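See the structures that follow.
Same chain, two partners: chain A is paired with chain B first, then with chain C.
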Partner chain A sequence: MDITYPVGLLVVAIALIIGFTAIVLERDDLHRILLTDLAEILALVLIALVATDLAEALILPGLVVGISELMAVSEVYITREGLRAPPAEPAFHIEVMDSAPGILALILVGYGIILSGFTGGVVAAVGTVFYFMCRGHDERFELIETVSGYAWAIWIGAFFIFMFLPQYWFFAVMMAGGAILLKVMAKMSLVGTMRGGPDV
Partner chain B sequence: MTPEFILGCIILIIGVIAAAFPRPKTYLSRLISLEIPGLGLLLIMIAYDEMLALLTFVAVTAISTFVLVRVIERKEAAQ
Partner chain C sequence: MFNLPTTNIGGPELFVLEFGDIVIYFSPYTAALFLFALIFTALAIVSRPEQQVDITFGGDAYYAKEVDLNSLQFQRFMAIACGLATLGAMVTGDVFNFTLFASMVGITNIGIVAAYRNRHVLNAAFQYGIVAMLASVPLFGGAAIILANTGTLSMWELFTDALVVPIIAKAFLVIGIMGEGMAPFYVAKAEITRAQGAPFILMIHVSSLLLFLRVIEIVLSM
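Take a look at the complex of A and B:
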């Protein structure tokens, strides 16, 4: 009999006991946020032990939810403690940051669109993040969020095609690939705005 | 029980202890210690051939470190 799974469960149980003891004993809120990240890693180990495609399918949304939760909690913490950004110049500013962003963002976004899907979304998002970081941003984020919402609807529509009209699977694959590209790109481009600024 | 799995479990336990009770107890040392259980998780994922999850975890860890460093930076500046 394979004892891998029970051993893994035992290890995770020990780790969970240690981790949550630390959270209970902790008094500082920021330390608690850091320990939440530890708890998330332990939860992911618990899922990874399932060791099938189901595990991968569960880990991916777990990661996305984890990062968005972390961003939200950190924003709440900053607002509650009244922490302001240190009044300083941007960390570094070199000439290439004035001339390159346009063309580099264009290349990365174009390559991302060719790749499509989750990977393409990440590549395209790196382009937009770079652009926002170098040029600043006065974008209307309602627009980006609206596009992201429509992309989600298209993605769900593609899954309905898979279920009810399986003979058109190639069309559905293209729909899902394009939609997830838009979705990942819209979400990740928010990271480029984290230096603060108007309209965020 | 592959070597990767055993090594991953050992690193996971060590990392959890390091992240739960860091010394000296500063934000930065705890943040750095958090990478150790992450490495343990990566090894366990390798043991089960979960490539997509592994790659996404690496990408997300980079972003989460960025988010946490930003909070810590502001907290230290306020003190």
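Take a look at the complex of A and C:
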């Protein structure tokens, strides 16, 4: 540990010098966004070098903030350049994509609810992504975003129960588990269907 | 535990709210900053945007810039979110939470002006966004170095004499906050003020100013 940390810091310092030099020299704005994202990952590396449980817990909010900054800047870039996605036909279409989505999505979402938590969210998300992939995904994201927002509020509420009413911990665990299921499902569905549709 | 170790900078503590080891506190200094941020958030909630008028040079013609309802709502939402993030940064007792709130202020600052179609404003917002993203490297790096050297992020322990925070970590924190919108990097934001909607645009400047006042208090106390 005592030798690893300074060596790691040195590597990060060298990487930062390379990265920042590249950003200064780069003239293309799109490439600058990408290089900035690379530099931001170095901030996460700095946190990860601490190598404790606390550092592990700090990487997640750091990553979320970094991604949301990246998304905001990318959105500004898209608006500024006036970029629009060209209308695209679905890559392929076979008959099973008309008949299967309903029942398969139902099974996957149902199984996900039984699993609950992160794993359940991923399984349920596979179901919804499959459904949207086959049936198209217009006009449904408002609902998913709303559900995701409420799930976040429930999740935070569960943490308040942990803090102020610890004797009801089981209820809070159930609340947090259900909410994280909804949140992971909503996020994965959004990511899985991000192809630049009109409502995405 | 709840006696603020350094009282000669922020003054004695007025109120303490404990969430586990994350202790939110108000001293006369932070309470004043909090109140200031609260007033401006309230102004953003109740006020209507200004109506800008451009006068053409050398003639009598002028044209008014209208703010449509959609962009007004989005801008107001972002201004309120910016105010809430500033409120959080003013009172938090945890260094990492402070850096997170500071980054969130940076994001919402971009969001306030992102709805405009003016190319100059978008260009400025883009450049500012790049700087703000780069600033998160020293910001989070500073917090990480503090954690690695002292084993804690709680200001209640960092403010005591027992823990020595390396000067490089303090410098990183200040540089990070400066990158979110203070002096030398501020040039990236200058064009942003062309965007119409005065009380919401003002939130950008207020939040940066308050963040800087707060980081100075933190760095001096450590």
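The rule is simple: the second predicted complex is superposed on the first by the 166 of 200 C-alpha atoms of A that agree within 3 Å, B and C clash if a C-alpha of one lies under 4 Å from a C-alpha of the other, contacts with A are read in each partner's own complex, and residues count from 1 in each chain.
Please note the rule applied: contacts are C-beta pairs under 8 Å (C-beta built on N, C-alpha and C of every residue); 3 or more make two chains touch, one makes a residue touch a chain.
These figures come from a predicted structure and were not determined experimentally.
Colleague: Looking at chain A, which partner touches more of its residues: chain C or chain B?
Modeller: Of chain B and chain C, the partner in contact with more residues of chain A is B.
Colleague: Going by the contact rule set out at the top, does A:46 touch chain B (first), chain C (second), both, or neither?
Modeller: In the superposition, A:46 contacts chain C only.
Colleague: With the two structures laid over each other on chain A, which partner does A:61 touch: chain B (first), chain C (second), both, or neither?
Modeller: Once the two structures are laid over each other on A, A:61 reaches chain C alone.
Colleague: Quick check for you: in the superposed arrangement, does A:147 touch first (chain B), second (chain C), both or neither?
Modeller: A:147 sits against neither chain B nor chain C.
Colleague: Taking the superposition on A as described, I'd like to know which of chain B and chain C A:83 touches: first, second, both or neither.
Modeller: Touch partner of A:83: chain B, not chain C.
Colleague: Once the structures are superposed on A, label A:70 by its partner contacts, choosing first (chain B), second (chain C), both or neither.
Modeller: Touch partners of A:70: chain B and chain C.
Colleague: A:100 in the overlay: touching chain B, chain C, both, or neither? Say first, second, both or neither.
Modeller: neither
Colleague: Contacts for A:163 in the overlay, against chain B (first) and chain C (second): which applies, first, second, both or neither?
Modeller: The answer is second: A:163 touches chain C but not chain B.
Colleague: Could you say whether A:4 touches chain B, chain C, both of them, or neither, answering first, second, both or neither?
Modeller: first
Colleague: Would you sort A:30 into first (chain B), second (chain C), both or neither based on which partner it touches?
Modeller: First partner only.
Colleague: Could you give the residue numbers on chain A that contact chain B in one complex and chain C in the other?
Modeller: Residues 33, 37, 42, 44, 49, 55, 66, 70, 77, which sit in both footprints.
Colleague: Report the residues of chain A in contact with chain C in the complex, numbered from low to high.
Modeller: Touch residues, chain A against chain C: 5, 16, 20, 23, 29, 32-33, 36-37, 39-40, 42-44, 46-47, 49-50, 52, 54-55, 58, 61-62, 65-66, 68-70, 72-73, 75-77, 79-80, 163.
Colleague: Can you check the complex and tell me which residues of chain B touch chain A?
Modeller: 1, 5, 9, 12-13, 16-17, 19-21, 25, 27, 30-31, 34, 37-38, 40-41, 44-45, 48, 50, 52-53, 56-57, 59-60, 63-64, 66-68, 70-75, 77-78
Colleague: List the residues on chain C that touch chain A in their complex, please.
Modeller: Touching chain A: residues 19-20, 96, 100, 103-104, 106-107, 110-111, 114, 117, 119, 122-123, 125-126, 129-130, 132-134, 136-137, 139-141, 143-145, 147-148, 153 of chain C.
Colleague: Could you pull out which chain A residues touch chain B in their complex?
Modeller: Per the touch definition, chain A meets chain B at residues 3-4, 7-8, 11-12, 14-15, 18-19, 21-22, 30-31, 33-35, 37-38, 41-42, 44-45, 48-49, 51, 55-56, 59-60, 63-64, 66-67, 70-71, 74, 77-78, 81, 83-86, 118, 122, 188, 191, 194.
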